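Per-chain residue numbering starts at 1, and chain names A, B and C are given in the order in which the chains are listed.
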Amino acid sequence: MFLADARAGAAFCLALGAADWRYGAYALGGAVLGSSTARLLHVARARVETGLEGFNSCLLALCFAVFLDAGRPSTVLLATAGCAVVTVVTAAVVRLLRVWNLPSLTLPYCLLASAVTIAAPAFGRIWPHGGSLAALPGAASGATALPPGELGRAFFRNLSQIFFLDEWYVGLLLLAGLLLASRTAALVACAGSATGILTAWALGAPAARIADGTLGYNAVLVALALCGVFLTAAPATLLYALLGAATATAVTPAVAHLLAPSGGHAFTWPFVLTTLAFLTAARSFPRLTGRAPGADGTSRQPAGAPAPAA
Amino acid sequence: MFLADARAGAAFCLALGAADWRYGAYALGGAVLGSSTARLLHVARARVETGLEGFNSCLLALCFAVFLDAGRPSTVLLATAGCAVVTVVTAAVVRLLRVWNLPSLTLPYCLLASAVTIAAPAFGRIWPHGGSLAALPGAASGATALPPGELGRAFFRNLSQIFFLDEWYVGLLLLAGLLLASRTAALVACAGSATGILTAWALGAPAARIADGTLGYNAVLVALALCGVFLTAAPATLLYALLGAATATAVTPAVAHLLAPSGGHAFTWPFVLTTLAFLTAARSFPRLTGRAPGADGTSRQPAGAPAPAA
Amino acid sequence: MFLADARAGAAFCLALGAADWRYGAYALGGAVLGSSTARLLHVARARVETGLEGFNSCLLALCFAVFLDAGRPSTVLLATAGCAVVTVVTAAVVRLLRVWNLPSLTLPYCLLASAVTIAAPAFGRIWPHGGSLAALPGAASGATALPPGELGRAFFRNLSQIFFLDEWYVGLLLLAGLLLASRTAALVACAGSATGILTAWALGAPAARIADGTLGYNAVLVALALCGVFLTAAPATLLYALLGAATATAVTPAVAHLLAPSGGHAFTWPFVLTTLAFLTAARSFPRLTGRAPGADGTSRQPAGAPAPAA
C-alpha cells in the first residue's frame, strides 16, 4: 500500500487499528476507493498500482473520520464523495506542478481537507460540534521545560500525529513499519523528529505543544522527503533536510495561525510548502546535487513518494 | 456582449435593469470601458470584439454598484479606475495561465473585487457602511427543510445571484437569455442549479441559505463551463460537470469562511478554482476527452468563454 | 550593496544608522550573511557579487530587528538562521518565476517575514510582546484633511517606511542615496510617492495613515520597478507605473486586512503582487513596450533589481 512495500502497509494499518479500528477502516477504504476511481477514469495503470492514487484519498478519509464524526453515516458518504473528488484534484495538481518538475506530495489532500474542514460548520448534517471552531490565534503560554519522560513520547508522537493520533505507541509501530521498508528512512525519520523537538524547544514553544507532537510531524515528513526520497541520501542532503525540518517546524504555527480565524487546521501544509521550496531550490545548489537534478515527480515518485505521505 | 450573441446580451441587460436601472447602467458602462481601455492599449482586436475584454470589467463595475453605494459619484469614479486596472490584471492572468493552457474565466474580476471590498473599509470616501464587515465565521443554524415554493425560487436565484441579485425573476430572464443563445447551455444551467440545491440540502445547509441562491450560483457556472464551453457536451462530460457543480457548492462556504475574518466575499472564487482544477484534470482522463484535450484557453475562448461569466 | 552602486549603499546604511545603529547593524549583517550562504552553496558568482543574494536577507534581518526585540540574543540567532533559509527560498522563487520570465523582487523576503511574524507569538523565546497582535480589521476613522506640514513629511516617510522607519529625514537620506545612483530613479520615486499620497487622499484614507507613510511606500517601489528598472523609462511607462503605484496604494489595506486576523503585516506584498501583475501584463500591450518585452528576470536584474528593494 504505502512505500510500494506490502509489509510496511500492513504495519501502518495495524498501527492505525491499534488506536481505533474505525480509523483503520476509513484509511483502508479511502485507499481502495481512490485507486478504484482512478482506474475507472483510465488513469495510467502504473500510477494506480504503486499506490500513488491511493495515499491522498487514504489520508483524506482518515481526516474526515478524525475531524467529523467517524460513526455517522453522513461522514462515510462524504468520505466516499471526497475520494472521487481527490482523484480529480490529484490529476490537476500533478499537471500544474509538472511545469517545475515537482512531485504532488500531499497537496491534493491538504487542499480538500482544508476546504472541507473550513466549510463543514456551514452544513448541519456533517458538522458534529455545536459552534464553529474559528478563533483569533493567541500567544503561547505555559511552561517551556520538557520533562524527560515527555521527551520520548514527543519523539514518537511526531510520527503518530501524521495520522492525527496522540498515542505514542502508534508512532513506534509506524517507525517499525518504516524500518521494514528501509533502514535509512527510519534513521532519517528519527533525525527529523529530533530536529523538530530541538527547534521547537529552542524557539520557546510551550512544552505541551512539543509533547503532543503537533509541532514536529511536519519535520519528520520533510526530512524523509528531502533525504532519500527526492534527493539521494548523503551527508550534504541530510544537513539540507534537517534545515528543511527546522524550517517546517517554525512554519507550522504560521500556517495554523493563518487558518485559525477561518476554523482551519495546519494538516501537512508546512511539509508540502517547505518540501516544494527546498526541492525547487536544491537544483540551484551544485554542492547538494552532485548528479543531475533529483526530483522529477513522475518517474521517481512511484518508488518513494508514498513514504513522506505515510 | 456576452456569449458572442447580441440577443442574449440584450436579455441580460434587461434582466439587470429589471432589478435596478442603475445596476444595468454600471454593468453596461463597465463592459464599454473595459473594451475601450483594451483597444487603447492595442490589445488584439479579436479578443475585444468577442467581449472577452469586457465581461470582467462588467462584473467588476456591477460588484462596486452592489457592495458600495451605487448612487455616490465616488463609486462611479472608482468603477472607472477599476475598469482600467482590470484590463491590466486580465492581461497578466491570461499570460500566467497560458503555461497550463487554461482560460482566465472570471479570475481577474475575483482578484480585483476581493481586493477592493476587503480594502474599502480603510477608505472613508468610498465605504458607505459604518463599521467593517469583518467577522469570524459562525456555524450554520436554522431549519434545513425547504418548502416547495422556495425550491422553485432557489432554482432561479442560483442564476440571479451570479449578478448579486435576489430577485428570482431575474434568474428566469437570464435563463431565457441563455436559451436564446443555446438550448444545450440552458439545459446544463438547469442541471447545475438542481445539483447545487441537491448538494446543499444533502449536506444539511440551512434552508434560508439555499433559498437565496448564495450557495448554488457557482454550481451553475461550473456546469456551464465544464459541459459545453471548455469540454464538448456529452453524457460523460455532463456527469463530470455535475460532480464539479457539487464540489463548487461544498467549496463555497470554505471560501466564504476563509475571507470572512478579513471582510471579503466568495464572489465567483469557488467557480474559478473548481473549474480550473477540473479542466486541468480532464486531460488526464482519457474517458472524458475522447478527442484531443479540450480547453486551450486562447483559441477556443472567443467562442464560448463568456458563457460561464454570464 | 544596493543598486550595484557602493555610494548609494553607504548612504542607505547611514540613513538606517541615523534612526538606530542596531538597525544598521542588522541590515548590514543580513546582507553579508545572505551573500556568504549563497557563496557557500556555490550559487552563480555574478548573482552574489551584484548583491542579488543579499538584499532579501538584509530586509529580513531588519524586519526581525524592528518587529521582534533588536536587543535580544534570540533575535540575532533567529536572524542568522533566517538569512540561511532566505537563500533557499530565493533560489526556489527564482526558479518558479522563471517560467514567466519574472524577477523575484522582494517575494522571498515577504514570504519569510510573514511566516515568522505570524508564527512568532507561538514561540515564547522570540516573542517580545505579551499577547498576540491578531485582530479583526476595523473601518477607518479619524480626520481625512492633511495639514500642509504633514504633507511634506508623508512624502519622505513613504520612502523611509520601506525600511519600517517613521523618521522623515531617513526618507530624505534614502532619496539622496537614490539621486547618487540615478537622477531618473530619484524623480520616479518622487512621482511614486506623490501618487501614493494623492490616491490615498482621494479614496478618503485617514490623514494619520497617510502621514506616517504606511499607505504609500509600496507606491514608491512600484513606480521605481515599472519605470526604469524592468521597463525602460519613457512617458508611456511612467503613466503605466503611476497607474501601478495608485493600484498598490489601494491594494495595501487589502493585504493588511487579509493578514490582520492572523497577526501578519503587509510588508512589501502589495509592491510584489502589483509589480508582478503589471510586468506580466506589459508584454501584452504593444504601446508600452515598443521594443522587445522587458523584464527577463535573470539577465537584467543584476543591473537594476536591487533598486526597488532599496
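To be clear about the criterion, a residue touches a chain if its C-beta (ideal position, glycine included) is under 8 Å from a C-beta of that chain, and two chains touch if they have at least 3 such contacts.
What you see is a predicted model; the values in this text were computed from it and never measured.
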item	value
Shortest chain-hopping distance from chain A out to chain C	1
Cα superposition of chain B on its sequence copy chain C - rotation in ° rounded to nearest 5	120
Length of the line joining the C-alpha centres of chain A and chain B, rounded to whole Å	34
Per-residue overlap in chain C, given as positions that touch at least 2 other chains	99, 136, 261
Interface residues, chain B side, partner chain C - complex	40-43, 74, 78, 81, 84-85, 88-92, 94-96, 99, 114-116, 118-119, 121-127, 129-132, 134-136, 261-264
Sites on chain C touched by chain B in the complex	99-100, 136-140, 144, 200, 202-206, 209, 243, 246-247, 250-254, 256-258, 260-261, 276-278, 280-281, 283-288
